[in-house]
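First chain A sits with chain B, and in the next complex the same chain sits with chain C.
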Partner chain A sequence: MPGLGTSFGRGGATTNLQDLSNADCILIEGSNMAEAHPVGFQWVMEAKRRGATVIHVDPRFTRTSAVADQHVPIRAGSDIAFLGALVNHVLSNDLDFREYVVAYTNAANVIDEDFQDTEELEGLFSGYDPEAGQYDPITWRYRPPAEMTDQERQRAEELEDEERRDQEGSRHQESHQAARSESHGSGGAPVSWKGLRDETLQHPSCVFQILKRHYARYTPEMVRDVCGIEPEQFRRVADALTRNSGRERTTAFCYAVGWTQHSVGAQMIRTASILQLLLGNIGRPGGGIMALRGHASIQGSTDIPTLFNILPGYLPMPNAAHHQSLDAWVADDEGKAGFWGNVRSYAVSLLKSYWGDAATADNDFCFDYLPRVTGDHSTYTTVKAMIEGRCKGYFVVGENPAVGSSNGKMQRLGMANLDWLVVRDLQLIESATFWKDGPEIETGELVTERIGTEVFFLPAASHVEKAGSFTQTQRMLQWRDQAVAPPGDCQSELQFYFDLGRRIRARLAGSTDERDRPLLDLAWDYPLDAEGGPEPESVLREINGTGPDGAALSAYTELRADGSTACGCWIYCGVYADEANQARRRKPHWEQDQVAAEWGWVWPANRRILYNRASAAPDGTPWSERKRYVWWDAEARRWTGADVPDFVPDRAPDFVPEEGATGPDAIGGRDPFVMQTDGKAWLFAPLGLADGPMPTHYEPAESPVRNPLYGQQSNPTRKQVRSPANPLNPSWSEVYPYVFTTYRLTEHHTAGGMSRTLPYLTELQPEPFCEVSPRLAAERGLEHLGWATIVTSRTAIEARVIVTDRLRSLRLGDRFVEQIGLPYHWGGNGITTGDSPNDLVNLTLDPNVYIQDKVGTCDIRPGRRPRGPALPAYVADYRRRAGIPEAGEET
Partner chain B sequence: MGSLWGGLDDVQADAGYDADHPPRMGFFTDTSVCIGCKACEVACKEWNDVPDDGYLLTGMSYDNTQELGASTWRHVAFVEKPAVDLGMPTVGPPRDADQSAASGDAGIRWLMSSDVCKHCTHAGCLDVCPTGALFRTEFGTVVVQPDVCNGCGYCVSACPYGVIDLRKDDGRAFKCTLCYDRLKDGQTPACAQACPTESIQFGELDELRERADRRLAELHERGVDVARLYGRDPEDGVGGDGAFFLLLDEPEVYGLPPDPVVPTRTLGSVWKHVGYAAAAVAGLGVAAFSGRRR
Partner chain C sequence: MADPRTFLGWPLLRQVTGADRLGRGHAARSERSDRLTPRTASADRVVDSVCPFCAVGCAQKVFVKDGEVIQIEGNPASPISRGRLCPKGSASKQLVTSPTRVTKVRYRRPYATDWEDLDRDTAIDMIADRVVETRRKYWEWEADGPDGRRRTRRTLGIASLGGATLDNEENYLMKKLYTAMGAIQIENQARI
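And now, the complex of A and B:
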């Protein structure tokens, strides 16, 4: 989550669900929290019970809106315009928490004199390369301090060198950038110097002034024209936020995939970060930004990633062009201020945990065994590679891409063009059966006999049939015990991969081929449990890390770069402290204090609220008695309080680091953002984001609206997946006049494999449907409970119609925008079946995280869709009318 | 069997339990914090092994189980209502395509409420059951014993709330047991255990009533004047409910009867009148025969 990572230094939720109950105001946007996170939502209800104001900003009136104090209908994808206007409201009315802003953020930093804003460049920032569609962020950097240290001067020269090199070969830069954005999960982007600061905030090039100018055009009237939100509604929200922020009060934000799944997703999160920093709500009880992750262990799957560009603990995956040695790999970050400066000890400890005794100082700790990235190898790029025949095999585990991924047809066409496909699941999901009953079989676009993919379906153990940990939405590891043994041939992931590794290693045994060394040298020796699989807790212990004596470590500060420690994920170090499974602690909160530190274990170091040094004023005293949390005990000369202080424990508030200090020694006494290389939270991101230092409103790739803010219509750095199967609806097209957005219902689980197959869940929401406003129903002749066909340039699907006032026609200036709601849980298999709305979605990706835009444009008509070959013909006719060139015609 | 009408301090004693019976247990369902997740419906079915109730998209908002019945023992109602009340609630599509020209608040309220058997103080179902399949437990709840039930269906028409029903493919009557088996083990009923927002609260009825009174006062203080308790009053037509509710609108809006009365309310006087009638018939007969003889 680079939105949070670049702002604060770590890419996880800054707070925890329980702490929401301490908020005076909660703004939920980009999330339907009551429906998608009903259990966590109890803390919002608790806050409400205590008198907090709850605001829900969402295209639809949902179960979250139903219990909120205010629901604000918004046009899907226009969140930056709304949040930007709130930033403007705060700045232009001097409502910011000035003392916090000056001390803890980079508001005072002066930016490079060559920096140009979207104000000057019609929606672009300086450094844009229109051919490559990407930015060179060199002009976004901090202006160097008046007197540079030797180290800083050296860095400046290096940068100039690098810039020259990049201009000579921009391909390297592309792969370099591709590998960097995600890596700010637990360590901010490395700035070269803390830079020139003007704490009066008057310098015209200081971040505060730049921000003011950048957001000046984000007015309530603009919000009405972009988002469809009336100025009066906007003012109510603005008042609630500012009234409930400051020394005495705090406001929390919650978001989920309603923000992440956009071509400007990371920047939506950035806008909320800026707002929360200006209001002084980060690092304080009842404040923060709660990133609600999509599944039980999605946080875990980025911490110990299933992503192509990072390694455990957000270490960047080495790049083929830039990282020929361990030294080169860690050079960008090593020695920078803050705990990220110790990156070498995290990296070496990871290599030690992978390759054990084989990893020595002499062989760079087996650094060369790590694979390298050469560019974008993200999921949708991989699917394109399958279609083009470049990717031959695929594991589908805990996913149902044929239903759950955007542009399902591309997914199925890709899987139909493999040599082999392994699907591990609880049920025979659509991704395992598309070759005989997928939508393309019906239309004739695929023919079973001509699909060469060999499909292996392997039954998986469910979460109650295996022990292990979840890392849930608030960075909390929670251990599950095995309740029952898995039936039949069902296996846990742990058993499966362990066994697979064992078999591959047996096949390769005795090989002298160098390329087999990484596999043969792997430390693959786990104690076995009764069923012959690895003991799950031994894996957690390996992740936690061990010291020279083989004992479990307690904290990542104990990790060393000399190979004497091993650790599978440095941020998880401490989860097995004292040789005990800390994630298995289940002491109920009513037997503990408000922080409940003995419920599970939270990374890093069991801190519940991150950056909690900021809950105290610069002098170390609490901002207020009411919001007291962590403070400086002057007598004991230590930070103390309810939570584990997120700071160097004995660093006095007035400490000023020595010149040339590195790593944690360089953290000043009033630098609460200890993972940032300058110790400050970033209102302005001089580095680390592909699409600009400040969030800027761009329209979704498919939009019925012209961007009223700038000449630049869409995110100039968005990644368009170019494929005949992924045509794009032209914006402003009368052929596709409506907006659709996809979402989940409480009653079902994502792509449905775990819910459409169960009677008790299926009966609660038995059929796919689309939700439309009464106005749209009248305009298109749609009948309640009748059928409708929804069509984009990709395909058309059918669904039953629900006409409801919960869907609101939005008035933007002199026109209406209609939004169609599509729950996406259904597919061809299960107790009840239906078309998959994700087949409608186009693939335009956020340039930072390669996540798709979940909104698009469409048409809707009454009646069922055409069957068989008539369906692609129907869709092609729409494309023709919209002037979309057919595959092959494209130049 | 004891009284049939009016307030009753000790419903278990009235049913013949010794004085050392456990306290009367019940539900307080606070609909003001219900988020409509339906976890109660699912948990109930999982624990009690209740079959599915069919796969029908009803179009009645997000309510696809429609009502309590033999195979739905917890039912979450969803009511979409204009924020400014213009009359009766709607459960189907909005009747009018017009809406205000400006977008603003969505202009509607969406009420959610998890309904359940009321475990009445005077339970009509129990009073009319001819086989003894229905009985009052030591916790004051009302439970059907499937192995005794003969499927006569008298209880169905005797319930003033329309809760109990016959399962079609089975023939017998089923309804919420307030998880009698769990209560016996000192556990919370499945629905209350699963409820994430404490909308369903389980406990001793006396304590729940106090809690409900406090919650009502709190809401009134905050200006939520529409809040009211339903089934809380021991003097109502069923002698008060063992499972009662805090509602945010008229009971009818949620599909609840505004003034439920146990149909056996007049059972005593019915029998009295039957007695009089029988005596009168007998008297007439005697008179007739004696007349003939005369």
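And now, the complex of A and C:
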């Protein structure tokens, strides 16, 4: 998400599935779309039928590759090298869409003179603190404009002060703090000024020139040595992309967790963003970046987050070090150019929807009721806290971490050390029964009678037993009606949490302890439905927001900072416009045009393609007839077209903001990226990312390959979860010589709770397996359909072997790299059972989003794994041979 | 069509003598198959829904009879899915009607070797007690920061994981309640 968020201003997919059919070329990388999103893939096939070129870049040949015009096998985790070389190809051959790049991106911005690139510092950018393992991004900033406004001058002085204090020893404020990265889901990072620009792109310190130098060594030959892709294959891809971009043609990118789940995941998405911007493909029909989310409401659960570092609408959770008042909380962003500059209205409206009448101007609208973060409180860090006995109660809600999370053993050890655990699901998943039949019970590492965790399993309502909305992959909210009542004790989360909240409040009633005020003052009254839970539409209406008269609002531009409006999630404002559930609109597609604006509701403001002002040239006319989408109607003096314009509706293309303008008033007529604090898309991120302003190739934390580009082997800011249960395989180890990568099958769903329990699906995919190349099979004596044991320093698992050309032995220079493919859905419960591949995965996290790297190294041997206590002994023997110190031996 | 009640109406005969030589059309029909109707036709109600698996968001039609789900199919009206469902979506009736689905609260005492029954009302009361107690015990008003002690107003004793297959409304209430509790280790699949 921050990959998209820092580039464009919002973290969501920039386009929609149907619009893929308008593409002239589609590059799918980090996704096996035909198998993981089969029904969405029909739009890729539609494009192909209309003559589009489809390219699939993936370690495996899959059903996506089978229908693509070109399949490019790649070494897992090397995507930045490949995409960076495409950037280099575009820049060194002058193939960029220059007019678009100059007008709509920060290519012309001149960067601070102290900035130093990875090319100068062996793989590090300037500002790296080796002790903390993090960057201070001050030297990445825009050079100030030649003539500064008063506000900018004041900011410049503040920055100089900060720098002076740094030099005096006190550490720079954590403006670069990783947890901030994710809050760019709908609002860019706050730059201090629009900055000095050289629109000839000749200034040696302008972004365009910096980018050119940064990627100069990312050549087709380098791609061959890093990714295992032949120069001829590379050139075919480069030609297809550049031939199908420009005024008349557009190329779309699709990705999924094949990009997000890496220690450089956010930067992989950044590289694609840079490439798409250089080619002029963002905000245009048939263009964009389609982020393919993996669950029914992954997008929704970040928009209205159950995430530690953000509140609804990507408002940051307050950080104890910086945010001790409402003013301080919004200070970084308030008044910046664009709609994010109105952050105070969004924040106050949220506080009003949380605490209602108790939130007043006199008490900072109850700002102090918000708990503060002090760093990383993400799920893997929390599991470590459970193991160490610091976190004692745990709700697991529609999730199965014992199978679905990486390093499953850590998950189970954590849950075995709680006081209490609540699991809410449809079936008795592995996370509910680990104390009874988990893998560690078999090995003797855990003993049921010694596990003190009190476990409550509460049965959940299914999707047809409750009404509510999912936000799917293209930011669309779609409402489900309730078909039947939940059976037995089953309840929706809505009902359960509402009830739990009522009972907690009843227990604290009358308390005079200040600690209990946020619970007692909470706005927790909802009209009830037949099951005794809150009426779901009343919650959606609260999310939408209401005005001073109590009526539903229709747009976030109506939100106010004076407490007269309430809104549970500002980016969803409008979903209940006109007192109607807009997510429940179901006008058939045959009664609408392709944009289908009356099916469901899309945030923001029902805009289907984001940044669509960029579908017109700077003067407001369409780039071409063929790619006409949204344009300026000079007569009506309004933006018009097929979609809701993602722009100030009446802002003329030649509008120049007044000096000192703030918020939406500071958006120029040629600034299509209205959530960015400078109105431009970012080729270079002066702020907002923990691991550098430009993507740089680093090897995964476990790799058989030395980084050929830099002395710096892996992401220098990666977060290693340090725990005895999370040892790391040394890179270049002969003990763990192979690469493994995990993936999904069409017939199963993530950790299997919703699929391994279904007869139809288990019949279709009855058993776990691993895929290996014929060369690897010969090297290790693996038999097709026989058993294999796969070993890392965490554990060993077994699976049936499929020997197949679908996995190619990759030639890197004078050596081969072998990759093992592992579908990850299995665990011990359900109709079909097997070892969990996620137990093999180590916890090395992306520093921006704390997502794990799904790629690692391993060994593979024929035959089944050892049973019982022999298993940990077998794994320990591998660790000893690889020279990995045992717990307690580490210094 | 020849009268199916005489031998002239036998499907094989109709196949070799009629136009449907491959036996995939009317030749394959019999008296019995002519009387068959799809089970969707017997539904009392058809309810609009959305597939709960991946994020494409295929529209579903849920067919209900006597308060039971009897079939789930794709909705052709959707501009995204146009009526299609993948194997998972097509199997979602089994997700809902699975015989192994647990519909009663299960409770495991500390150190116990098996589940026991527990009344739902009692279970939620017990959970509310645990929350209040853990919150009190692990409450933190202040923590050390780079510039000294800072107000945190939170508990690190309680965590939560889940949300990506839940509704927006559910996530909203969860985050609202947890935030008021001062619990911050609130996470979901989006990070996994």
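Heads up, the rule we're going with is that the second predicted complex is superposed on the first by the 873 of 891 C-alpha atoms of A that agree within 3 Å, B and C clash if a C-alpha of one lies under 4 Å from a C-alpha of the other, contacts with A are read in each partner's own complex, and residues count from 1 in each chain.
One rule holds for everything that comes next: a residue touches a chain if its C-beta (ideal position, glycine included) is under 8 Å from a C-beta of that chain, and two chains touch if they have at least 3 such contacts.
Please read these numbers as outputs of a predicted model, since none were measured by experiment.
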{"item": "Overlay on chain A: chain C relative to chain B, clash or fit", "value": "clash"}
{"item": "Contacts of A:38 with chain B and chain C, given as first, second, both or neither", "value": "both"}
{"item": "Partner contacting more residues of chain A (chain B vs chain C)", "value": "C"}
{"item": "First (chain B), second (chain C), both or neither touched by A:764", "value": "both"}
{"item": "First (chain B), second (chain C), both or neither touched by A:468", "value": "second"}
{"item": "Which of chain B and chain C A:340 touches, first, second, both or neither", "value": "neither"}
{"item": "First (chain B), second (chain C), both or neither touched by A:100", "value": "neither"}
{"item": "First (chain B), second (chain C), both or neither touched by A:806", "value": "first"}
{"item": "Intersection of the chain A residues that touch chain B with those that touch chain C", "value": "38-39, 42, 746-747, 759-761, 764, 831"}
{"item": "Interface residues, chain B side, partner chain A - complex", "value": "33, 35-39, 41-42, 45-46, 51-57, 59, 61-62, 64-65, 80, 82, 92-94, 96-99, 101-112, 196-198"}
{"item": "Interfacial residue positions of chain C with respect to chain A in the complex", "value": "45, 47-59, 62, 64, 67-69, 72, 76-82, 84-92, 94-96, 98, 100-111, 113-115, 118, 120, 123-132, 134, 136-139, 141, 143, 145-147, 150-192"}
{"item": "Residues of chain A defined as touching chain B within the complex", "value": "34-35, 38-39, 41-42, 45, 48-49, 61, 63-67, 70-73, 228-230, 232-233, 745-747, 759-767, 769, 773-775, 777-778, 784-785, 800, 802-806, 808-811, 831-832"}
